[in-house]
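Some notes on the structure that comes next.
We call the chains A, B, C and D, going by the order they appear; numbering starts again at 1 in every chain.
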């Protein structure tokens, strides 16, 4: 699979749905340590609703249209911090890919940059504040480099996933500045950020989806 | 000790206070089985207050006056079912002994009859309803017989205590008709009535008090 | 015991101190905080007094105020106040028109209110008594006189309070209180125990997945203990017993009280009311007045009760009348 | 989990169904029960909207009514409602005079209210925002913008609601809401956890003899966890932190809210208030308005919070003004 086409997207959303259903309890537990335990529930709901909505899109819907549908339904279904930020991410990605007919490395880089900028605009967090942004920004940067150097999609995503894993690991040393976790202050040190974990999982699933359809 | 004089009464009230302080937890547990667990608390309070009030009576106070003082303070201090019934008992005994200068067998019989009638009037229970009355009535009857046959005080009280122990045992086979226990219906069968236990203890303490002051 | 307490013995008196500090419309007589009366008595009005154990806020004293009661004798936790305290309240609230005692059917309270009424009678104060016995779980039909008084007494307070505020006579107010009493049925369900401060441990034990239908507000046993069922089926079972005793015709009107026993969140009370409303709807019965919240509690007990008052025109008017007490306000619609 | 529930997923919607059945003065828009608005809008009045997670009744929706708010967007348990729901409420309650959003300082809510305000702006509706951050335990002085909003938001609703009812302009109502916000401090203490229905077990664990001062209403950690102390010393410790932030002069006046978190009996809240009142008395500060009960809960959590609003003449007038909502009524004294 060199590129993700509009017709592939329902499959990708289905993969996301599966992952966030499998990771439900894990994310509840993670958010429970320094938060309110709802992350697993809301992410599961968000992607289940998105996957269902996307599967009902008309034949011929554009990539932008599909991403927008996903974002809008997520915002409705899961208006928690992460639900809304993720929804914002998809809606911004949709805008950035208004004219895209497929998602190659360049477009995927645009997707993640728009996603990251959207989250930053909406949440007003800084890199280093121990949020989702701390994986989104490195992911986008890694993909931009890959795009500039003409890397193919599966390799670009694989590299970005490594970067994201590393970035996620880095959140352990940070102290939460936003959301419910901020109240836990120093106790958040040593724990990986729950929202960043979601960011990592979204990317990893995208990579696995592309890899599984790419002959080795 | 052939008779209880007015001057002995503070000692008797002190003995009651001691017994109901010792039996506090036992009565809480007993009332807890088919009631609201307050009996130990209220009886302890009632007799502590009565003992204190009685100890402050003026020199030369009559038996009637002392019993009345005890009853009135009990009614104030412990207005639960048993507190009020016991208070009523003492107040009625006071009235019945208006002119008594000592408590011999005859007067003690009057004391318990008046006590029993007072409780019956106030509580409107029948003998057999599994209440305090189920020991008060046999106690009064036993003492009346002893008085008629000229029995001395310690023997009369000893006999009445045996009767009361038997009567208390009999309450086990009854089903409660009054108070909070009534709600437990058949579950009250097999349990001795809490209020009747108090009645028994009042009498037994009176007997022990007299016996302890009587040379064998 | 997880309680905000100082010395458990001071529980009631410190609570009362807090109440008088918070609510200047309440005061007390006989230099006894437990003899509570309204600070704004109304000349010529029939006086309404209640009394009973503490631990049930807003019952009993919480309903002293405009359009409701004039005084309350306050007992220890789950214990009757004394006859003397009731008598002091009675003397103070009598405005020449007599006094109605409205309280729950518990031996301790009856004995003491009887004594107080005798004392008041010696002073020439006319006293009538209406003894709430709305708890249908506590005795069978035909033995209603054995039933305990629980949350439904709120309707009796409300109807009698409005009647007295309208200036009706002692006989009329008594008649109305009695009618409200006779037309009210309550059934409760408990999920957990409560703790009496001076005792310090749970009054009774109940399994982590059990409920007891019909449990009393002092932990008296109910009709059946079983596994906690979905909310709708709990209500179905409870309301079946209510409907067995109240025969409704299409278009009849009722007042509904969904009462939390203390530890149950309001959210759940509304889930329960939803089902009550559905069941009434099926019978064509209209819930004309609805109150949902805590009206008669058992300290921190988790659980709820449903009270249904079968309205007639007179009760409809009185139940809907305005009232304003520190614990309960009602604007006329 | 000891709850009256059907399917936990239906918790919020069944609760809302119960609320609409009980209180016809409330209705909803956009065919979405979670978009609650008053059934009696007043033309020309500044609209007041709130929103937030469920599980805090009477917060948030309970204050929709006369003299208080006009609409509330209702989220899942402890979860923000969506921007779209807020936007629907906004459109409906705007009477041409603009809308003030008053809600608590939580990321999820902020993000969504911001989005809603942007949407409303596109429609030409003027929206201002006042974000409650009264919980002094949740961040230090100087970092007040990080503080959570808890029960003290009640005072902001009350002051802003009365100001809007008086017919003041959007700017004025916003100024007043912001003043009430800035002059309010809250501190809480928790004794037990709560259970989110869809999660089904305790949100956090706390020892049988422990308390946590400063815990948030979703179980966010507080300042210190220690052995439960006598009620008076708990209040002494809490109020010390309040007094450190509010400087009172002799004869200053305050409004006091003693709020139960859900599982704590009212009796205990009055014992707590007693001590608060003593401490204010020592400083010569008068508790001019006092409310004691459940105003912002965390389901069945045992615990309480104290909110103090430092009054000025304007706030005194507005806090004392009448209000009438399904969950809160206040008669003018």
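To be clear about the criterion, a contact is a pair of C-beta atoms (placed from the backbone, for glycine too) under 8 Å apart; a residue touches a chain by one contact, two chains touch by 3 or more.
Owing to the predicted nature of the structure, the values given are computational and were not obtained by experimental measurement.
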item: Touch-network distance, chain A to chain B, counted in steps; value: 3
item: Identity of the chain that, by mean CA position, is farthest from chain D; value: B
item: Chain B-chain C separation of Cα centroids, rounded to whole Å; value: 33
item: Centroid spacing, where centroids are CA-atom means, of chain A and chain C in whole angstrom; value: 56
item: CA centroid of chain C to CA centroid of chain D, Å; value: 29
item: Sites on chain D at which at least two other chains make contact; value: none
item: Residues of chain B engaged with two or more neighbouring chains; value: none
item: Chain-level touch network, classified as line, ring, star, complete or other; value: line
item: Full enumeration of touching chain pairs; value: A-D, B-C, C-D
item: List of chain D residues in touch with chain A within their complex; value: 75, 78-85, 106-108, 111-112, 114-115, 138, 146, 148, 196, 198-199, 203, 216, 218-221
item: Partner chain D, residues of chain A touching it in the complex; value: 28, 32, 36-38, 41-42, 75-76, 79-81, 83-85, 88, 122-123, 178-180, 182-184, 187
item: Of chain D, residues touching chain C in the complex; value: 2-6, 11, 14-19, 21-23, 54-55, 57-58, 191-192, 208, 228, 230-232, 234, 262-274, 277, 287, 290, 292-294, 297, 299-300, 302, 304, 324, 327, 329-331
